[in-house]
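Order as written gives the chain letters A, B, C and D; numbering starts at 1 within each chain.
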Amino acid sequence: MKLSSVDIARRVASDITGGSYVNLGIGMPMLVSDHIPDDREFILHTENGMLGMGPAALEGAEDWDIVNAGKQAVSILDGGSYFHHADSFAMIRGGHIDISILGAYEVAANGDIANWLIPGPRPPAVGGAMDLVAGAKQVWVMLSSHVSKSGEPKVVERCTLPLTGVGCVNRVYSDLAIIDIVDNGLIVTAMIEGLEREELQTKTGATLNFAPNCEVLKPFSEAA
Amino acid sequence: MKLSSVDIARRVASDITGGSYVNLGIGMPMLVSDHIPDDREFILHTENGMLGMGPAALEGAEDWDIVNAGKQAVSILDGGSYFHHADSFAMIRGGHIDISILGAYEVAANGDIANWLIPGPRPPAVGGAMDLVAGAKQVWVMLSSHVSKSGEPKVVERCTLPLTGVGCVNRVYSDLAIIDIVDNGLIVTAMIEGLEREELQTKTGATLNFAPNCEVLKPFSEAA
Amino acid sequence: MIDKRTQSMSEMMADCPDLKDGATVLLGGFGDTGVAVKLIDALRALGLSDLTVVSNGAGGGEYGLALLIQSGSVGKMICSFPRSSDSKIFEELYAAGKIDLETVPQGTLAERIRAGGAGIPAFYTATAYGTPLADGKEIREFDARHYVMERAIRADIALIHAATGDRWGNLTYRATARNFNPVMATAASTTLVEVRKFVDMVPAEEVITPGIFVDRMIEVGDYT
Amino acid sequence: MIDKRTQSMSEMMADCPDLKDGATVLLGGFGDTGVAVKLIDALRALGLSDLTVVSNGAGGGEYGLALLIQSGSVGKMICSFPRSSDSKIFEELYAAGKIDLETVPQGTLAERIRAGGAGIPAFYTATAYGTPLADGKEIREFDARHYVMERAIRADIALIHAATGDRWGNLTYRATARNFNPVMATAASTTLVEVRKFVDMVPAEEVITPGIFVDRMIEVGDYT
């Protein structure tokens, strides 16, 4: 049993305090915006110059002046604002974004993250990832699967790929578990139903600690 | 014979190229804004956040949200704009202001200027003077009198008062002369009618050179 | 629902851990323009001690900042122009050695605050090079010009004056009452705003300070 | 009378010494949003060589920047994300070693350009510390955190896309088409602007880029 990407996004959204300012990375983190609980309002920042990002534009009704960091046509909600790139990254660098939510190739027990470059012939492209992980108050990583396609752990003792930032990740959400990264290492705060601690440890490249009241995660369709 | 402060201001204004962006210091430089020639438009910057500064507000019609760097109620002309302090000084520091026009206690042959502090018991106050002299493309100094009340030269070999900036003054306008400051020193480009070169030299604390076609200045009321 | 509007000054100042003895406080405004006078009065009523106040001036007359200083709450001023025709209260305490002063060029002051809000711990500026205000600071040459290293200013509290504000904390300013306010709003742990008028929503293109920088607001009406 | 509006692209590009071989060129825009496409086409028509182009991306498809690169005018790109689903032209030249690339985190890129416009030769940022993009750069500790020293970017030419512009060069932008444009407008010796629509006057409170940063404008209509 494991969580779907939508299940993970739903859980991430439910963990965000109302009133938070949140930046969602391109890809899987964007799913979070579709699952904001009805009981709270939080504000999405897109680093190309907007607060109050709303849902994707309807097909055929795109306004290509209103795009997100992935260059997709989106919308703006009431209470939003526009600003230029230097102001936008001053917000990020200055610690005003409460949570930056990103994908990653590797996350290490010391909080390091590698999510921008797999060495190869293509030109290295970083975008705003390094600014976000260095600047946001909290960095949460979403992993659609706890291990890579070839079965290698993505949560590791030390990253092997080129780093995006050092000591900056606070929490990892995967299809199997939720892991907080603290000074002393990794603490599993929630784990998928039916999974043994030993099995999760096998699929993780660094020593896991388990919170005393480790929560049991269920896929949404299975949940009460 | 000598120029009045208004005469000096009139001459300064006539020396400013149309289209220039100009910052006028508090006090005597403000007179320049009253003498902009009809044949040109230039734009006044006030460092507290406005381009397009217009004349002083009429008495009784002051809008105290529209003030200049001297905290006087002024007006804004068509084509003006407002911006915050950091943006305003980015304009100054970044070399976007064509001419900064200030008063001074002392100006030296090496371009140094002292215009902010006479040591004493009162708290030292600098305002935007150091930013303006370091940042503007050109720095012009207006001296209501070539020498101090006690007869000491204000144009000197080296400043004795605490400096506002180093090597930054390009030109001095006084009641007796117009002096350019270049790499090799002081060049008098204009001098009041009837004044001998030796007399101007006596009233100046550094060696003067005279431009080949040194202009003769006349008080406005005397001019043709 | 996000709603940063408060209905009373007591609500505004309650339960704010950043309002504490020894706090660093940013006060917006330039002269009497764009000053959060009612918030300053409320701060004075708290009777805090040993505050470091960052403001362009050191207060004039017998109101606002001057009274805050007179009350004994302020241990140190950081300003560009701590002197005016009626800055007696500050000047007397300064002469008596009862209050510290750090004089900073106006543009450097604005930029140090901007840096604080933008996550930049230090930067270089040519302003003040060669002057007493660079004494003790690191000097460095870039491209054959000398620069002074300046450190960021971050504060516990900012007291801001704005023209309009909506429930998300988005602000507009009026004319040169903008001045230091938008910059200071970014550089404090808690930003408190007095707003002339609450509005339903500031249009996205017209927002000068996005709500992300604002914690609480109170409506004060026109302040003149 | 100040009038920065031109009536033709030939007038726009004529007699501009900054349009030269080896020039550094800032190109506004993010993806296809807010890009000065017609100015880029006009730049390509000049057939210059060895340009350094600063832009968030390295062009996609077969238009605008991609064609400029294909034409052989560009020796080096400075960007944050020089890669997209259709960035073939750049990627082929890059793989063939025919074009240089400096990859810069997006926020550092924006801030380096802002610094260039604001007269700040260098600043420190935590972004990229501990990553390959900090290789060879000065690292410095402030308050127990590590920062990377970054240098300002200044350019000869900026090509900017704006929504409206008046004769003084005051500009507005639309939504996220603002992006890098206002920042880049401040950091070039010559700033050329394509404006969707000329207007009589941009109201002072609505100006995003004050005319001081603008040299020439051309009206291009809606660009989508």
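Here, contacts are C-beta pairs under 8 Å (C-beta built on N, C-alpha and C of every residue); 3 or more make two chains touch, one makes a residue touch a chain.
Keep in mind that what you see is a predicted model, and the values were worked out from it rather than measured.
Set side by side, the interfaces B-D and B-C show unequal numbers of C-beta pairs in contact, with more at B-C.
With centres defined as mean CA coordinates, subunit B is found 56 Å away from subunit A.
For the pair subunit C and subunit D, the distance between C-alpha centroids works out to 33 Å. Mean C-alpha positions place subunit B and subunit D at a centre distance of 35 Å. Spacing of subunit B relative to subunit C, judged by their CA centroids, is 30 angstrom. The set of subunit C residues that touch two or more partner chains comprises 111, 114, 118-120, 125-126, 174-175, 204-205. With touch defined as above, residues shared between interfaces to two or more other chains in subunit A number as follows: 50, 76, 82-83, 89-90, 92-93, 135. Chain pairs recorded as touching, per the definition above, are A-C, A-D, B-C, B-D, C-D. Across the complex, subunit B is touched by residues 1-2, 114, 116-120, 166-168, 170, 186-187, 201-202, 204-205, 207, 210-213 of subunit D.
Across the complex, subunit C is touched by residues 46-50, 63-67, 71, 76, 82-86, 88-90, 92-93, 112, 117, 121-131, 134-135, 162-166 of subunit B.
For subunit C in complex with subunit D, the residues that touch the partner chain are 111, 115, 118-126, 140, 142-143, 145, 147, 151, 172, 174-175, 204-206. Across the complex, subunit A meets subunit C through its residues 18-19, 21, 41, 43, 45, 50-52, 76, 78-83, 89-97, 135. Interface of subunit D with subunit A (complex): residues 30-34, 58, 80-84, 90-91, 94-95, 101, 103-108, 110-111, 113-114, 125-133, 173-183, 208, 224.
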